[in-house]
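Structures given as C-alpha cells follow.
Both complexes shown next keep subunit A, but they swap its partner, so subunit B is in the first and subunit C is in the second.
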Partner chain A sequence: MAAKNHRQWTAEPNLQMNEWVDSRIYSDPQIFEEELQKIFKKTWIPVCHESELPKPYDFRTTSIAREPIVVCRGPDNEVRAFLNVCPHRGMIIERRPSGSFLEGQPSGNPKRMTCMFHAWQYDMKGNCVYISREKEGFQDRLCKEDVGLRRLRCEVKFGGFVWVNLDDNPKVSLEDWAAPAFQCLRKSLDAEPLEVFHYHKAVVNANYKLWHDTNCEFYHDFMHYHNRVTGFNDAYFARKNEAFDHGHVVVGTFQVNYEKYEGFESRAALSFPHLPPNQWYMIDLFPGMNFNLRGSALRCDIVTPLGPDKVMIEYRGLGLKRDTPEERMTRINHHNSIWGPFGRNLHEDLIGVQGQGTTMLPGSEPRRILHGRHENQTIHDENGMRHYYEEWGRWMNRRPSKPDQPFSEAIAVAAE
Partner chain B sequence: MSWTKICDASDVSANSVKKVDVNGISVLVVNYGSGFRVIPPLCPHMEEPLEESGIVARCTLTCSKHLWCWNMQTLEMQGETEKPLKVYESKEENGAILANIENELTYEFEDEGGADDDDFFK
Partner chain C sequence: MEVRPVQPPAGFIVNETNARQCPGVLETSWGNAVDAANLVRDAIYRSTIALDQQDWNGWLEQCDDEFQYAIKSWSPEINKDMTYLALDRKGLENMIKLLPKHNTDHSPLTRHTSVYTVEMNGDAIAHAVSSVIIYQTLLDGINSHIDAGESRLFLVGKYIDKLKIKDNKAKFISREVRLENRRLDKGSHWPI
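Up next, the complex of A and B:
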C-alpha cells in the first residue's frame, strides 16, 4: 500500500491488540501524572550505587516521582533513605547533589542533616535531634521526639545498588520483584564490591518509556552503523529476549568478538567474576532501569521521568572496586568506547528517542506505535516490549493500545 | 604532671581561637583578652568544631550554631547552655602557652537511637 490519507493513517493496524500501543501513552499529561502515582510511587527504584556513598555520613540527593530524597550512610554503615523534606515548614533539607555531612556548612552541624531555614536538625537515622528554641515556642506541646524525617524503604542489593520504594507496603519484596531477572548475573555482580567510575546524564525531550523500549529491543542496531557492519552474525541473531514476572526482560548473552570491532580489543582479561570471557547480558527492569554488562564493564541506566515528553537518564559505569589503576583505565576505556557520551552507540540511541519524542509532543494526534515483530523471541523480536506494556497496563489499569479502556488480563493473554 | 608547650601566646590574637595538634591530640587555644584557655576542640552540645563556630567576645566563648556560651574566666554556663566546658590545666610562661595534656578530654555525645528493625514500615 502506498501513502495514506487521514482515515487510513489513523486506522487500526492489522495486528493483534498487544502488538501496538497508542502514542498517547507517550505524550498524554494525564496518563503521565497517573504513571507517577500508580507506578513510580509504588515500585522499587535504584537511586544510586553504594560506592557513591562509601564513608559514614556520605550522602546523595535524588528524587522519585517529584519527591525529593536524601540517601545517607550512617555511622553504623547502614544506608538509609528519607524524604529530603523538613517536617516543620516543608523546606528542602539538603540542597547539594552529594557530599558528606561531616563537612561544615554555614547552617549545618557535623554529623547532622540541618534544615537551613530554622536550624532543625536530624541524625542519620532521621531522628530529630534539635529544635531551635523548642521550649520557648512549643512549651511542652511539641518536642523533638514528636517530629522526624519520613524514612523510606531502602535496600542495598543486586551488586550494591541502592533501591528505594516510596510505598511502605509494596506489593512484592525487592528480592521477589527482581531476583529472577538478576539471576543470570547475580553471582557476578555480588562476587565482590563494585564501584562507580563513570557518571553522566542526559535530559531528552522524549517520554521515558521510549528510552526503555530502545533498551528492550536490538532491532534498532540498524541505526548503529558500527553494530550493523561488524556486530551482526549468527550468534548475535540467536540471542533471546526472556520475559520475567513483573515486566522485566533479560537479553541473553553471547560471546562478543571484540577483535572484529574496528579499534577494539578483547575484554577477556577483565571479565566480571564467574563469567566466561566477553559475555554480554542485559537486564531491563520495569518501569525503566537497565543493567548492561559487556564483559568487563557494567552500565546502569536509571530514568527519572520529568514530564510526558521529558526524561532524565542517569548513566553509570561500574567496575570492580579492587581494580588496579591500570585495570581501571582499561575498564573505563572499554566502557566509554561503547557507552560514553562519544562512544560507539549511546549518542545514536539518544538521537533515536529524541526523534520519536519530536513526533509525540503532548497534543499530537494519536497514532499507533508498532511493537509487533515476532522472531522466535530472539534479539529483533519485540516480545520484550509487549511484555513490558502488559505489565504497564496492569499497573495503570489502561489498555496500552486503547488507553481509555481498562486493562483486561484476558485480552493480554489471548493476544500473546 | 607534665607541662607541654602548645604555642606562643602571640600566635593567638585577642578574642580569637586557634586549633593546635599536640602529640596527636587536638586542642583549642582561646585568647579571651585577659587570659588564655586550652579546651577540647568540639562544642559539648553537638560536636561543632569550635575552631569554626566559636566566637570570643567580652570574656565569653559562644558557639554560634546554637548559642551555647561560657564565661572564660569563671567557666560559668550562660544562657541556654546545658553542659559545662572541659578545660585543660594551662598557664602562660615566658610568652608561651603551656598545658597539661596527659589525657585527652572528650565529651559524651548522644548515640543515634530509634527503631531500625524490620517492623518499622508495618
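Up next, the complex of A and C:
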C-alpha cells in the first residue's frame, strides 16, 4: 500500500500487541509525571563514579526525579547520599557540582555541609551538628538531633559507580537488580579501580525513553558510516541481544575492525582487563542507563528526564586508574573518536533522537512506534525494546501500546 | 613636530628579542614587532573566516604540516581537564574527507573572534590568545519549519594558538580550543 489516509495511518499495525507502542508514552505530561513517581523514585540510578570524589570530604551533587542529592565521602571513606535539602527552610545546601567540605564556607566551618541561608551545619553522616542560636530560638522544642538530613540508599558497585535509590525499601537489592546483566563485564570492571576522564552533557528535546531505545537497538547502525565499515560482517550480525530480569538488555560482543575507518586504529593494546582485543559490549539498564565498553574505553550514559519531551543525558568516559599519561591519552582519543561531543557517532545518535522528539511533541497525534523486528534475538532483533516496554508496562500499570488501559501480564507474555 | 614611536597594541608583549629577531621583520623597532603581530592577527582572523565558510581545506592551508589541534575543557563536575578532540593535521584531513559520509547537523557556525594577546619570541614563534564566541544559526538540526534561521549561542571559549612566521606569513603550528562549555547538546562534526 502506498501513502495512507488518516484512518489507515492511525490503524493498529498488523503486528503483535507488544511489537509497537503508542507515541503518547513519549509525550504525555501525565504519563511523564507518573514515571517520575513510579519508576525514577523507586529504582537504582548511578549518579556518579567514585573517582569523582576520591578523598574524604569530597562531594558531588546530582538529582533524581527533581529531588536534589548530595553524595559525599566521609572521613571513614564511606560514600553516602542525602537529599541536598536543608530541613530548616528547604534551601539547597550545596550549590556547586563538586568540591571538598574540607574548605570552610562563608556561613560555615570546615568538614561540614553548611546551609548558607541560616548557617545550619551537618556532618558527613548527615547529622545536624550546629543550629545557629539554637536555644534562643527553639528553647527545648526542637534540637539538632531532630533535624538531620534525609539519608538515601547508596552503594558503590559494578566498576565503582555510585548508585542511589530514593526508595528506603526498594523492591529488589542493587545486587539482585543488576548483577545478572553486568555478569558479562563484571570481572573486567571490578578487576581494578576505574577513573572518569570524560564528562559532558546534552539536553535534548525528546523523551528519555527514545534515547534509551537508541542505545537498545542496533538497527540504527545503518545511520553510522563508522559502524557500517568497521562492523557489518557475519560476526556482527550474530551478536546476541539478551534480555535480563528487570528490563535490562545486554548486547553481546564481537571483534571490531577499527582500522577499516580511515584514521582510526586498533584498540587491542589497551583492552580492559580479562577481555580479548577490540571487543564491544553494551549493557542497557532499565529505565535509562547504558554501559558501553569498546575495547579500551568505557562509556556510561545516565538520563535525567526533564519533561515528557526533554531529557538531559550525562556522558562519562572511563579508563583504568593506573593508566600512564600516554595510555590515558590514547584511551581518551579512542573514546572521543566515536563518542565524544565532536566524535563521529554521538552527533548522529543525537540528531536521530532529536528528530523523533520533533515528531512526538506533547499533544501531537498519537502514532504507532514499531519495534517488531525478529532476527533470532541477534543484534538487529528488537527484542531488547520489547523486553524494556514489558517492564515499563509492569511498573506503570499501563499497556505501552494502549496506555489508557492497565497492563496485562498475560497479554504481553502471550504475544511474545 | 615631535615624532613618537609606534606603540604596541594592548596586550602585546614586546621585548628586545622579539623585536629584533622576527624573520621578515627588517628593522629593530617597536613597529617591526607590531608588523609580525599583525601577521599573527591576520592569520587568526582569516582562519575564522575560512572556518565560518566551512572551507576546511582553506583553513588547513593556513596550518603547518606539523599542526596539532585540540578541543579541551575543564570540568568542575569531575575535576579534570578534559580533551574532547585531539587530532594532528593528517587526522584532520581524514576527518574532513569523511564528512560527506556522515549524517550531520548542517546549521552554520559563526565565530566572533577577538585577539587578546600576541607574544613573540626569538624563534619566530608567536603565541596568541583569542576570545571566541560561536553562534549556531539553525538549519536542519531540530525542526526547520520552526527553528531554521534562529541563531543561538553554541560555544564560548578561547583559541590558544601557536604560529610560526616565515617569509612574511604566519602559519598555525597548534590550536587549542579551550571551551567553557560542558553542556554541548548535539555537539558537532566540524572543526571548531
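The definition used in the following text is that the second predicted complex is superposed on the first by the 414 of 416 C-alpha atoms of A that agree within 3 Å, B and C clash if a C-alpha of one lies under 4 Å from a C-alpha of the other, contacts with A are read in each partner's own complex, and residues count from 1 in each chain.
Throughout what follows, a residue touches a chain if its C-beta (ideal position, glycine included) is under 8 Å from a C-beta of that chain, and two chains touch if they have at least 3 such contacts.
This is a predicted model, so every value here is computed, not measured.
Asker: Answer with clash or fit: subunit B and subunit C placed together on subunit A by superposition.
Answerer: fit
Asker: I'd like to know which partner A:Ala11 touches here: subunit B for first, subunit C for second, both or neither.
Answerer: Neither subunit B nor subunit C is touched by A:Ala11.
Asker: If we overlay the two complexes on their shared chain A, which of subunit B and subunit C does A:Cys143 touch? Say first, second, both or neither.
Answerer: neither
Asker: Quick check on the superposed pair: does A:Lys111 touch subunit B, subunit C, both, or neither? Answer first, second, both or neither.
Answerer: A:Lys111 sits against subunit B, while subunit C stays out of touch.
Asker: Once the shared chain is lined up, is A:Thr358 touching subunit B (first), subunit C (second), both, or neither of them?
Answerer: second
Asker: Counting only touches as set out at the top, which of subunit B and subunit C does A:Ala238 meet: first, second, both, neither?
Answerer: neither
Asker: Looking at subunit A, does subunit C or subunit B touch more of its residues?
Answerer: C
Asker: Determine, under the contact definition given at the top, whether A:His347 touches first (subunit B), second (subunit C), both, or neither.
Answerer: second
Asker: Name the contact category of A:Ala269: first (subunit B only), second (subunit C only), both, or neither.
Answerer: neither
Asker: Could you say whether A:Leu370 touches subunit B, subunit C, both of them, or neither, answering first, second, both or neither?
Answerer: Neither subunit B nor subunit C is touched by A:Leu370.
Asker: Quick check: superposed on A, how many Å separate the nearest Cα atoms of subunit B and subunit C?
Answerer: 24
Asker: If I apply the document's touch criterion, which positions on subunit A are contacted by subunit B in one structure and by subunit C in the other?
Answerer: The overlap between the subunit B and subunit C interfaces on subunit A is empty, containing no residue.
Asker: Provide the residue numbers of subunit B that touch subunit A in the complex, in ascending order.
Answerer: Residues 46-49, 52, 65-66, 110, 112-114, 116, 120-122.
Asker: What residues on subunit C touch subunit A, complex-wise?
Answerer: 71, 73, 75-80, 82-86, 90-91, 94-95, 97-98, 101-105, 141-143, 182-189, 192
Asker: Could you please specify the touching residues of subunit A with respect to subunit C in the complex?
Answerer: By the definition above, subunit A touches subunit C via 51-52, 60, 96-98, 196-205, 223, 225-226, 261-263, 316, 329, 332-333, 336, 340-344, 346-348, 350-351, 354, 358.
Asker: Where on subunit A is subunit B touching in the complex?
Answerer: Residues 74-76, 78, 104, 109-112, 119, 121, 123-127, 129-130, 132, 148, 151, 153, 168-169 of subunit A touch subunit B in their complex.
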